[in-house]
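Look at the two complexes coming up: chain A is in both, with chain B in one and chain C in the other.
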Partner chain A sequence: MKAGFGHVLDAITRVRGVHGAMLVAGEDGLVVAESLMEDIRGHAVAALAASLYQRFRRATQAAGVRRPEFLHLQAAGGSLLVVPALEGVLVVAVAAGDINVGLARLEMIRAAEAMG
Partner chain B sequence: MTNTRAVEPWTLEPLRRFIEEAGARLALITTPTGQVVAQHGFSRAVDVMSAAALGAAIAASTAEINRMLAEPAFRALAHQGVRHGVYLASFDTPAGPLLALIVFGSDSSIGLVQLFFEELVRELVAAAPIPEPRPKAVLAADFERDLHESLAALFGR
Partner chain C sequence: MSEALAAMRAELERDGESLTFLPLAEALRLRGDLDGAARVALAGLAHHPNLADAHDVFARILADAGDLQRAADEWGIALALDPRHGGAHKGLGFLAYRRGELDRALDHLELALSADPSDRSVVQALLVVRGAHEAAAEEAATSSAPWEREAAAVETAPVPPPAARTAATVFAGLEGGEHGMLLLDPRGRTLAGGLRSAAGANVADEVAAYLAGVSQEAERTSRLLELGDWRWIAAEAEDGTLHLSRPVPEALLLLARDRSVPAGRMGILAVRASDIARRWLEAQVV
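For the complex of A and B:
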């Protein structure tokens, strides 16, 4: 884990079913901090999750409903969760399909607030 | 319609895939001395020549600074502007070392470019032919002829 922001991710990774959490620079798609299981390609998830978030942000802004506050992408083998924090940073989590999404979302929002 | 062209045919498909996946606007693959191997997005030969020369010069000067600092060889530089980002990286292939100059806009990101650049390098390394050794002196006349042939291949003239 990269030093500095690592403690922000601890509460997220303690949620049962979370395989890893990251702080990602939203505009650049680069990893700011990460706490991931070994088989997860952090920089790939960061780049693609940030790209996904930016596209959804454009869509919601075009629709006049401002930025997305929570993205939950349910895949066949798990979930990708994204919450925006301050200064364009994204809180990203990779989780199992049967995760308690509400609890994970709560911890991600707390992490985003702790960034401020 | 795609406007990706290559002097070396084995670079074409990997570069096309990279452009599509990374969302890059301009791409230029050259040798470290600035000889063009492939390009995407350039419409004028003079722009290709300028970009190739500038990319090679930046790579060479950065490599020299690295040498003075006893750092490993030059690998990559990234510059994020207001509307565009620039990514310049060197990599080795069986056919010799190459430079890539990538320009991307707000519809992409440095993270995406870096991610798919790794795949581009893997594909180019796999596709590159191993050249047969043929010692040859580089002459000014040869260089100019090669340059004109490259530009003709890239712009169909």
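For the complex of A and C:
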């Protein structure tokens, strides 16, 4: 993990079922900091998470809705969660299927606020 | 006794105020030791009377023991302490279903799902209760007085068969079906339904275009993370939610709602709309 943001991500990865968390630059999908399990390809996931978030940000804008505060991709075996922070940074978490989404979301929002 | 139970007991002996009583009581309940579970839960409640989770676990023990009234009381206390407590809503939904109060059961289960959209037991319970609800409505339509049949028909039979619907009316009869449900292909071209902004502007094509490629990206993400097939994506904003799902591999379904609609309700609407979309797409091929 890159120094400086570790404490921000620790609270997220402490939530039961969270396999990892990252801070990602929203515009280019580059990893700012990460705390992931070893077998997760962070850079690829970061790029895809950022792209998905940007697509939905533009879609919500086109629909006359404000930017998404929470993006949740649900798959058969787990979830990808995204919360925007300040200055275009995204807080991204990878989680198991039986995670308490509300709790993870709360910790991600706290992390986003802590960065401000 | 398993090592895990022994470890939890040891932890409680070390620290009587430890929250370990929650998993220990639940583990004992699951093993069928209801007396032991109740003792642990009550001891925990003595230390943590304002903890919603503690009332929730005690309620589950009471329900297993058949004391449904006290279980309802405990879940009621849990909700008073935490109005969004998913376990309490799930429990009260179960009790309402047992009493035949299907509307109330649906309300509680939808709130439980909105508290934790990933809880599969709630999704399963919702499917069961919704099935019972629809069966009850059908029975009312065939066996009741004419004016009652008419009322039931309004509730349960709002839509023409899929083949008779046009691209513009495919979701007619569903909540928000005329301007908040859009069927699109993976390249971002609209296929059916409609989407209007809060100001009334037709935004279907523009929104669909921005969602071009989302399906492939979601697929790649899920594959990279070894999560299996992706099911849906929800984007929640301060003033609205977009919910995207994939009724068939070659089409996406987008629902747009304001934030007054809970996430669980969105999921249920998406299931209903997906079913209609699938049948409509099949009818177009035929």
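Here is the rule we go by: the second predicted complex is superposed on the first by the 116 of 116 C-alpha atoms of A that agree within 3 Å, B and C clash if a C-alpha of one lies under 4 Å from a C-alpha of the other, contacts with A are read in each partner's own complex, and residues count from 1 in each chain.
Quick note on the criterion: a contact is a pair of C-beta atoms (placed from the backbone, for glycine too) under 8 Å apart; a residue touches a chain by one contact, two chains touch by 3 or more.
In this text, all values refer to a predicted model and were calculated from it rather than measured experimentally.
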Which superposed partner A:Glu27 touches (first chain B, second chain C, both, neither): first
Chain B versus chain C as contact partner of A:Gly88, first or second or both or neither: neither
Which of chain B and chain C A:Ile40 touches, first, second, both or neither: second
First (chain B), second (chain C), both or neither touched by A:Ser51: both
Touched partner set for A:Ala63, first chain B, second chain C, both or neither: second
Contact breadth on chain A, by residue count: chain C or chain B: C
Intersection of chain A interface sets (partners chain B, chain C): 44, 48, 51
Residues of chain B defined as touching chain A within the complex: 80, 108-112, 114-115
Chain A to chain B touching residues, read off their complex: 24-25, 27-30, 43-44, 46-48, 50-51, 54
Residue ranges of chain A in contact with chain C within the complex: 40-41, 44-45, 48-49, 51-52, 55-60, 62-80, 94, 97-102
Chain A contact footprint on chain C (complex, rising order): 84, 86, 115-118, 120, 195, 197-199, 201, 203, 206-207, 210-211, 213-214, 217-218, 220-222, 224-240, 242, 256
